[in-house]
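One structure coming up, written as structure tokens, with questions to follow.
Chain nomenclature is as follows: A, B, C, D, E and F, assigned in order of appearance, with residue numbering initiated at 1 for each chain independently.
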Amino acid sequence: MKHLTEYRDGEKSLKLAEQISRICTRPWSIMEVCGGQTHSIIRNGIDQILPDSIEMIHGPGCPVCVTPISVIDKALQMAARPEVIFCSFGDMLRVPGTSEDLFRVKGSGGDVRIVYSPLDAVKLARENPNREVVFLAIGFETTAPANAMAVKIAKQQSIYNFSVLVSHVLVPPAIEAIMDSPENRVQAFLAAGHVCSVMGYHQYHEIAEKYAVPIVVTGFEPLDLLDGIRRTVMQLETGKSHVENAFPRVVSEAGNEAAQATIAEVFEPTDRDWRGIGMIPQSGWRLNSDFSDFDAERRFDVKHVAEAASTICRAGEVLRGAIKPHQCAAFGKQCTPRNPLGATMVSSEGACAAYYNYGRFLNR
Amino acid sequence: MTQSPQCPIPLRDYPNVILAHGGGGKLSAELIEHVFAPAFANEHVTLLGDSTTLSLPGQRIAVSTDSFVVQPLFFPGGSIGHLAVNGTVNDLAMSGSKPLYLTAGFIIEEGLPVEKLIRIANDMGAAAKQVGVSIIAGDTKVVERECGDGCYINTSGIGVLPTNLHIASNQAKPGDVVIISGTVGDHGVAIMSVREGLSFESQIESDCASLAGLVQVMIDTSPNIHVLRDPTRGGVAMSLNEIAADSGCGIELDDASIPIKEAVRSACEFLGLDPLLVANEGKLIAIVSAVDADRLLETMKLHPLGQDAAIIGRVVEDAHHLVVARTAVGTKRIVSIPIGEQLPRIC
Amino acid sequence: MTVTNMCLAVPGQVESLFCENETSMGRVNFGGVVKEVCMAFLPEIKVGDYVIVHVGFAINQIDEESAQETLETFAELGWLEDELEELRANGEEANGEEA
Amino acid sequence: MTQSPQCPIPLRDYPNVILAHGGGGKLSAELIEHVFAPAFANEHVTLLGDSTTLSLPGQRIAVSTDSFVVQPLFFPGGSIGHLAVNGTVNDLAMSGSKPLYLTAGFIIEEGLPVEKLIRIANDMGAAAKQVGVSIIAGDTKVVERECGDGCYINTSGIGVLPTNLHIASNQAKPGDVVIISGTVGDHGVAIMSVREGLSFESQIESDCASLAGLVQVMIDTSPNIHVLRDPTRGGVAMSLNEIAADSGCGIELDDASIPIKEAVRSACEFLGLDPLLVANEGKLIAIVSAVDADRLLETMKLHPLGQDAAIIGRVVEDAHHLVVARTAVGTKRIVSIPIGEQLPRIC
Amino acid sequence: MTVTNMCLAVPGQVESLFCENETSMGRVNFGGVVKEVCMAFLPEIKVGDYVIVHVGFAINQIDEESAQETLETFAELGWLEDELEELRANGEEANGEEA
Amino acid sequence: MKHLTEYRDGEKSLKLAEQISRICTRPWSIMEVCGGQTHSIIRNGIDQILPDSIEMIHGPGCPVCVTPISVIDKALQMAARPEVIFCSFGDMLRVPGTSEDLFRVKGSGGDVRIVYSPLDAVKLARENPNREVVFLAIGFETTAPANAMAVKIAKQQSIYNFSVLVSHVLVPPAIEAIMDSPENRVQAFLAAGHVCSVMGYHQYHEIAEKYAVPIVVTGFEPLDLLDGIRRTVMQLETGKSHVENAFPRVVSEAGNEAAQATIAEVFEPTDRDWRGIGMIPQSGWRLNSDFSDFDAERRFDVKHVAEAASTICRAGEVLRGAIKPHQCAAFGKQCTPRNPLGATMVSSEGACAAYYNYGRFLNR
């Protein structure tokens, strides 16, 4: 595939890694924010070819992982209603809420459907006028335009049996929260290429400056990742801390303005709880008042269940980069993808699952 | 499938079957390991691999297959699990063979309580053990809700045939005697009694049982058994009509001699059914030379499954291959085959 | 086998453009596999362009020139150390943004 | 099933399967007579009777069962009929046995167009003929609408085993070579391309085929084949993990050597799938002594179903029984088994 | 095997009476098989009575006395010819209704 | 079963038949009106033990057989509607309309359900408030009270998604139509015991007198039937023609007045087409204006399809008693229960089916 396979060249990857080794004079801790990048790093063994002095810290950029239990519990209640067709991306189905997951609700009779696009959910609503179609609208900035557009289309076409349970989260406030944390070890960030492809990267200048932290917009293929790491290390080694774009074929400073406009039309900023991390001010989007008719939480009377804090799972620390998955005592023992204790073990983008699936017994 | 006591997220295991249980991955393997393997435990069983290899004590074999789609899954006197084993065992036994091995293919509807699946598997294991057959290979598929009905089971079986036997539905000869091993219609009426929209209360239980043991004592008693048949779907009427057609003869029954439980007769009366059309799952029809009939009947009556055995008719010459019953008033009526049932899924 | 790892965003080539339910759509070819995708966020897109697709939406166009440049830098793998030297020589004073 | 031309009431025959077709009565018999019997025609077939009797040319046999619930029933490159025959034939062939007999159990949803059923039966008959197996026993059940999904088929099979072969999933030994018979993932991707809610256009066809012929030339070539496996549900990853676990060893693959069609690779990319987890229906994995590997590979490449065969890895010692793949950058990743599929019903 | 030949009307014995959905119902025993039946058309019915049931409704009570009489006439099968004689003797004039 | 088995005694049946023979001096043609009686006569071989001089003619008393094609065609149209749950007694499902039957509609996706009581249909309506439940209310006077009660209950309980397609028929007008027919051969009637159990038999006096035809109210068991025939022959032999009650344990002169009251509350008399016979004035019941809200024909806009007259099937003549089933050339050849050309071959109460199932190759 053009624009994909070129960036997977093994030989060039090794050469890039080797060069990173050569320029690297001290240990550095770099966080890739995006779960897609975590997945790619582990699956392709990028971490294995990097010099030992570079530690990749896996960030909270898996939307499945950071969706709070309270949202999942609401989703479970809605999905169990007989009139509801509950639509979600497949990854969410196995994420544990307080006492169940969507798969179990489906097993007990809930009409839960996996969709591949929010438009599929709108289509279902159009085709099932006597049912209530609820779409679980989660994700980062990459997914927000699609979800916003689905709501906008539903309104334009008066599809009023469609609604969304929104739990959108934003990357820049999360980066700030990590940097503000007293336990922070992160010295540089790979910014998520797809997020920036929508939002641009202008908003990162202020952060790079405020925290004196290099931020490099990075893609997902081995060469893209290694190039992003190379540039990050270059900044670190030379004491720089600015924003750099290592993914220019997809990302521009301004981003996709049409997409941003749709987001602005439908959503508004809001405080958001992040699973394992806690509340981050203004770190999410919710429907604005023009679209509140499509808010599933208004339409269905769902209880807010108190969140049971896990006594074993250290997914919060994993998500903040404080520990690596295999440093959790439950990793690979009580906690496996078959039996995940935390969301980070569910999604293949979750750091725990990525470690388990691709590297649990490998020496690193 | 035990829960780690400290597990902070309860109910990690699935109380109902989910699609992933049929995906061929970890959950499928767990279902086999925790549900089927313990229930079917035997030396041959390989429920995960591609196939099972066996050595047979003979080269003449009988093979049979049946799918079981009964509703409800549990009914008075048995379950789909009992049926699935006994049904195929009985089909094998009707050739005079000794049933040895069964395969089991499950098609489970998403949402089936795992607890029910365990009961079904245990019923199968118990039925297999009782008759001495081994369930040697299995398969599990899970289908979406509304694409199944709890659980369907296919069993296929292999039996080994003695070389001296030639029992088949085309072997009936004029003059032969028709014996039934017991009361007629119990299974069908038991199922109907618990059928939604039709339900009535009764003490009637399905006769679901393995006939292999009874067949064994029968062939030990008489070398002149020409036909054996278990009158399941379509009942005695269907079986006899098929035998008449295959053997090119007629069959004359005597209505009064056919053993029918009082409650079964009442239920049929009230449902407008002919008991001869109602399914049985633990009865056989034997067609035997007249010379051996009485001796065979006596042997049958000594077996627990043959206590109510009776001679119910005779094979006659008839160019039309009709099955005819003598009524109480001495007249004859044709015993026709059903067109198609309007009460499906009795097995 | 979880289909749609939800963060996936794959490049494909626009084969044709059309309108459905008042929404601008396109057929996008991903290495021989063709899928219909919403084009609402790329009003300027033309047939033949490459786009990045995520959950049924094209979210950006691939800039062929930048792609070419990136690939060229990967091809000339000698440049890195020189660059580093240069940067190190420039010292801390030049801590600005890259073009 | 022809219509009397003067019949005043047209359409007397049913264009769609109705419940009565499964009732065991006249309509069931007609379905067998007009649909299955002609499609499966062979000397042994008795689709109406209780069982079929056979003589086997050997006493060491392989037995296998599988139910097929694929959706849609017809897909690029095949149908549920082809799958049902080839799937069980392949499972038998993986033991090195020669597949001889199949049984076929149908669970049909009321409303299935009879025309589709005829196509399915004919596909089964054609597939059976091609590989030289006989469908010897059958069963048909019809379930209510919303209690099935068009048609489910169980096939169970018997193959005869040469006494000198001991091919099994626990026979892999460190040093052995892993061969795949062709490109990976074609069937799964072909099914997904026509899956509602996911559909995409592609030229990819299912690889559905009988591997019995290929296996025959392989075992003729090398007596040192230790394991044969058809990587269906769960794909190559599942099969290799099972082999590693059963044999108590590890397996090391080389990502770059695994044959994958360009379009399959693209589709997987775009669906977020690992091609090693995607189902195949006409591919086998052979694990063979290193000494015979090249010769075996050459033989395979001469067979139409082995043209793209390739050595993809090696069996190694590993206490963890891991399957590991060497990535393009020379690092290793674990090839895990799937938890459970979220795209069910690919077979 | 058509269940409910729709003209069926079978005798059964009332086991108990109750009310459901504002409708008078009864449990009727048909030779060991018990079914719930609507009793709305037999307001005077008592437990122990025999009724004729058709499509879920008791449509009449069986009169035990008449039943007894009928059975007795069947028992004395000598009566017929005498009766005929008598009738023939009476000739055409008495073409009236029987009580 | 008490009140059932006593009336099946074989020996007594034979004695009764023998006595009938003895009193019978001439050939007589007697019609049993009711299909249930036809079924019982053929199944028990009553016709085989009667003297040859007595011909039993099978009347139009099978409700399934006489329901006109136009009603079935309407039923088929309603049953095919996606919102409809169409409920019918099982017998009706295989009766051919102009081009289909209910089984085929079911096979093509229509939601057709067999019920055992009209109350089951009301229950379905109660449980499926979003569906339209239509019940095919056919039958003679025996079934009318049940069907009327179902409608009455639906109204009382405001179950407005319930409706009925009514095609009720009445015995007395049919008897008159037969007697009025120029081809009539019937010399006496066995009146249907169950019909009379509801309606009484007072209305038959006028008919017996008008046509000088003996009418004997008769039950269904062998002894009942033979007793009815005996009494009929007695009247015939002695030149009498009055109404007699041979089924006094169930039938009274007045009938069940509560049942009659319910019928009168819900239904009103109407002209009715009889399949194979044609229109008979005032021979049926339809919903009266108080209950017209429950009329399925008003609720659903169904087309009236022109009735295609069969060129082979002689069911009309069979129903009028003009011929016996086996005198139809198609009997057992083109026409079988598997492939019925006429309704009389469908229902087990239909004369053609009864002959086919119980006596097709027997000498009679």
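Please note the rule applied: a residue touches a chain if its C-beta (ideal position, glycine included) is under 8 Å from a C-beta of that chain, and two chains touch if they have at least 3 such contacts.
Remember, predicted model here, so these are calculated numbers, not experimental data.
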- Item | Those chains which touch subunit F and also touch subunit E | B
- Task: Walk from subunit B over to subunit C along touching chains and report the minimum step count.
- Result: 2
- Query: Fewest touch steps from subunit A to subunit D?
  - Reply: 1
- Query: When all chain pairs are ranked by how many C-beta pairs they have in contact, which pair ranks first?
  - Reply: B-D
- Which chain's centre, taken as the mean of its Cα atoms, is farthest from the centre of subunit C? E
- Message: From the mean C-alpha coordinate of subunit C to that of subunit E, what's the distance rounded to whole Å?
- Response: 87
- Message: What's the distance between the Cα centroids of subunit A and subunit E, rounded to whole Å?
- Response: 77
- Item | Centre-to-centre distance between subunit D and subunit C (centres being mean Cα positions), rounded to whole Å | 40
- Item | Centre-to-centre distance between subunit C and subunit A (centres being mean Cα positions), rounded to whole Å | 19
- Message: For subunit A, give me the residues that contact two or more of the other chains.
- Response: 1, 4, 9, 90, 114, 116, 120, 338, 348
- Listed in rising order, subunit E residues that touch 2 or more other chains are 1-5, 8, 10, 12, 30-31
- Note on the structure: For subunit B, residue numbers touching 2 or more other chains are 18-20, 23, 25-27, 198, 265-266, 269, 272, 338-339, 341-342
- Item | All chain pairs that touch each other | A-B, A-C, A-D, B-D, B-E, B-F, C-D, D-F, E-F
- Query: What part of subunit D is in contact with subunit A in the complex they form?
  - Reply: 197-198, 256, 265-266, 269, 272, 320, 322, 324, 327-334, 336, 339, 342
- Item | Partner subunit A, residues of subunit B touching it in the complex | 4, 6-12, 14-20, 26-27, 30, 110-111, 145
- subunit F - residues contacting subunit E, complex: 1-4, 6, 9, 12, 15-16, 19, 22-23, 34-36, 39, 62-64, 89-91, 114, 116-120, 139-140, 142-143, 145-146, 149, 153, 156-157, 194, 197-198, 205, 220, 223, 227, 230, 234, 237-245, 248-252, 256, 258-259, 262, 347-349
- Note on the structure: Seen from subunit A, its contact residues with subunit B in the complex are 96, 99-100, 103-104, 106-109, 308, 310-313, 334, 338-339, 341
- Task: Sort out for me which residues of subunit C touch subunit A in the complex.
- Result: 2-13, 21-23, 30-31, 38, 40-43, 50, 52, 54-57, 59-60, 62-64, 66-67, 69-71, 73-75, 77, 80-81, 83-84, 87-88, 90, 92, 94-98
